[in-house]
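Naming follows writing order (A, B and C), and every chain is counted from residue 1.
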Amino acid sequence: MIEYIVGHINYWLIVAIMMVGLYTLMSRSNLVKKLAGLSMFQTAVILFYVSLGKVTGGTVPIISEQYSLYSNPLPQVLMLTAIVVGVATTALGFALVIRIKEAYNSVEENEISAMDEKE
Amino acid sequence: MANDLILRVVTKWLSPIIILFALYVQFHGDYSPGGGFQAGVIFSSAILLYSLTYGLDAGLQLIPEYILRIGASLGVLIYGGVGVASMVLGGNFLNYSVLGSTPVAGQHLGIIIIELGVGITVASVMVLLFFTFARRVAPE
Amino acid sequence: MEQLTILLIVIPLMVAPITALIPSEKVTWLLTLIVCLISLAISCYILYEVIDGSHVIYELGGWRPPWGIEYKIDSLNAFVALIVSAMGCLSCLFAYRSVPDEIEEKMIPLFYAAFQLCLLGLLGIALTGDIFNLFVFLEISSLATYALISMGKNRKALTAAFSYLILGTIGATFFLIGVGFLFAASGSLNTADIASRFDSFKDMQLVETALIFMVLGIALKAAIFPLHSWLPNAYSQAPSTVGIFLSATATKVSIYVLLRILYDLYPVDYWVNMLLPQIMLSLGCVAVIYGSYRAWQQTEMKRLLAFSSIAQIGYIVIGFSLVSQLGLTAAILHLFNHALIKSTLFIGAGILLYRANTTELGSLRGLGRDMPWTFAAITLAGLSLIGVPGTVGFVTKWYLLEAAVEKGMWIVVITIVLGSVLAIGYVWKIVENLYFRSKRKVHIQDVPSGDSAIAITPKTMSAALWIGAMLCIFFGLNTELSFEAASSAATALLKQ
């Protein structure tokens, strides 16, 4: 049992980060904090992929005669794309937050929805 | 921050080195870890550092915004252009092998141009993001 | 011939950055229209080629699958691509006068660039045969969508876009987790490759988890009840053009992804005993009742239509969770038919917004008598939504009922009939307010400023509306064309 937990320590940590992100996302009403939570959630997935591709004892996947065991480069390549998507999402989210702040003069979700209902 | 002597001097010395490193990462991307994404971000960090120490206006003087907009579009066009060129030359979209006299030479040429396009777009977009945000929330 | 398939992706990809740089609203509009028309022509041609059950295969970069990204186009792919590009054309036609009215002048080139990127993403989803590539296209279209929605006139558009951004990203990330699990189990990202080697790893727990994550993530993007909360605000606050395009395509394409996952990536007998069909069937039924009921309660036309979309998605979900050839055909057919109906109705709402500057039903009273032709087209589309014989809505409901009767599911039959009755209620609400209620005194703040141009409906808008309405009738009377495409697509799915 202990061995199982320790052997999968990277996955446990990733799940922890993911849950922290998701919890922040759902529990906070501040829009900036929500975005921070979303970012953490995405980062956890990126870590998950990268640790999928890691082979114990494997090296960087550059062909050389000294090594025969390489880590799988594909998940890292995929995550490069996912990181870019994440950056774009976060940037767009912050742009929206700035415009919401200009329009409502608040970044608290409960205040904003109260203002919306009044209209 | 524009008055801090140490920051100003260090930025002045550091920026060219960062840009040089970005170019190294960019053009060695086909042999070693690196490529357009990383190089673009490193390149933009040099300009970000410069704008942070010398102020937004100095940064905008260095690279005006319309150039960044053109750069962001140009990178995508370079990327797509390589794909279209390989289609015109009889291969599938993004099949670099048909670009050169031998498949290996074509692959080399193709990936370098592609990464150049990616690098230009990523660098422009990163700086553009910074400028857009910085101007929007700048204290009057 | 094969090169044509990739042109669907390449043309918007190359034109969008150019569009963003041209500072003229007319030129950018023309470019967008040309892109949409070319896409429509290509997807028509591809559908014509593959409708007999053959495939068009395209290997990106010349890399052989499963290493490279492969586009394997069967009739379902082509059919969805056709829906997307046709609706792109229709909304682009409408955009000509609506966009300058609703969007700041210096934002218009960026608006059209984002529109093309959205088209690119949706077409990409429809064509690709690689699940990670699918995720990338999903995010391209979603990011463009968030930006497009936030350009709405009202400040509520910003919050609508923000909540869609949060939920959409969660959905896409869930899908990504699912892809990761499946990749860990199979070592491949190619749909056909995974499907062909499925037996060798199907006992792993990972595979089941992957299915749940992927279905949940896509159900969120497809706004399947109870994961629909982002939809009403997003559709009703978006600029009219965006509302038309999204209501017709965005959820449809997500449902297409769901069909691919359930019928193509995973074999049917893997999940058919997992309670999944029963859960989805009941969710679909609840969605029909709930969506129709909430639509009936609304007092604003675009919100009403958005809630009705949730109900219509329910019909599609019912169709494919019956797990039969007929049910699947009805679901795929309804993808097309609902896209037609809803885009026509949203065009109608857009015209009313253009003319009256509001879509509150209370303020629109009696307007139908001033605009009889617009009103007639809206009524035609409304009748299709109810499912009156002779319209497209009837065709799908008929097949859906037939599929439900075939399986002996009488509750589903009752739900469909009840949903139609509620649909009569909310369509009547529109018709009543537009035509049968007497005109209310116009308040001074409702009077649009500017010249008298607002007193006539622009020709491009009327053309878009009537093309939509006529297609609703045409495909209602001449069912062969769409039915053949849908049943060929259903056969292609079930064969695998």
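The definition used in the following text is that contacts are C-beta pairs under 8 Å (C-beta built on N, C-alpha and C of every residue); 3 or more make two chains touch, one makes a residue touch a chain.
All figures in this text were calculated on a predicted structure; none of them were measured in a lab.
**Q** Which of line, ring, star, complete or other matches the graph of chains that touch?
**A** complete
**Q** Looking at CA centres, what chain is most distant from subunit B?
**A** Between subunit B and every other chain, the largest centroid distance is to C.
**Q** Return the chain pair with more inter-chain C-beta contacts, choosing between A-B and B-C.
**A** B-C is joined by more C-beta pairs in contact.
**Q** Just curious, how far off is subunit C from subunit A if you go by their C-alpha centres, in Å?
**A** 28
**Q** As a quick test, compute the distance in whole Å between the mean CA positions of subunit A and subunit B.
**A** 24
**Q** Could you tell me the distance, in whole angstrom, between the mean C-alpha positions of subunit B and subunit C?
**A** 36
**Q** Could you say which residues in subunit B touch two or more other chains, in rising order?
**A** none
**Q** Give the list of subunit C residues in touch with subunit A in this complex.
**A** Residue list for subunit C touching subunit A: 132, 135-136, 139, 143, 146-147, 150, 155-156, 158-159, 161-162, 165-166, 169-170, 173, 176-177, 180, 183-184.
**Q** Under the touch definition given earlier, write down the residues of subunit B that touch subunit C in their complex.
**A** That would be residues 69-70, 72-74, 76-77, 80-81, 83-84, 87, 91-97 of subunit B.
**Q** In the complex formed with subunit B, which residues of subunit A make contact?
**A** Within the complex, subunit A contacts subunit B at residues 60, 62, 80, 83-84, 91, 94-95, 98.
**Q** In their complex, what parts of subunit A are in touch with subunit C?
**A** The touching residues are 25, 31, 34, 38, 41-42, 45, 48-49, 52, 75, 78, 81-82, 85, 88-89, 92-93, 96-97, 99-100, 103-104, 112-113, 116.
**Q** Touching residues of subunit C toward subunit B in the complex: what are they?
**A** Subunit C reaches subunit B through residues 2-3, 6, 10, 13-14, 16-18, 20-21, 58-62.
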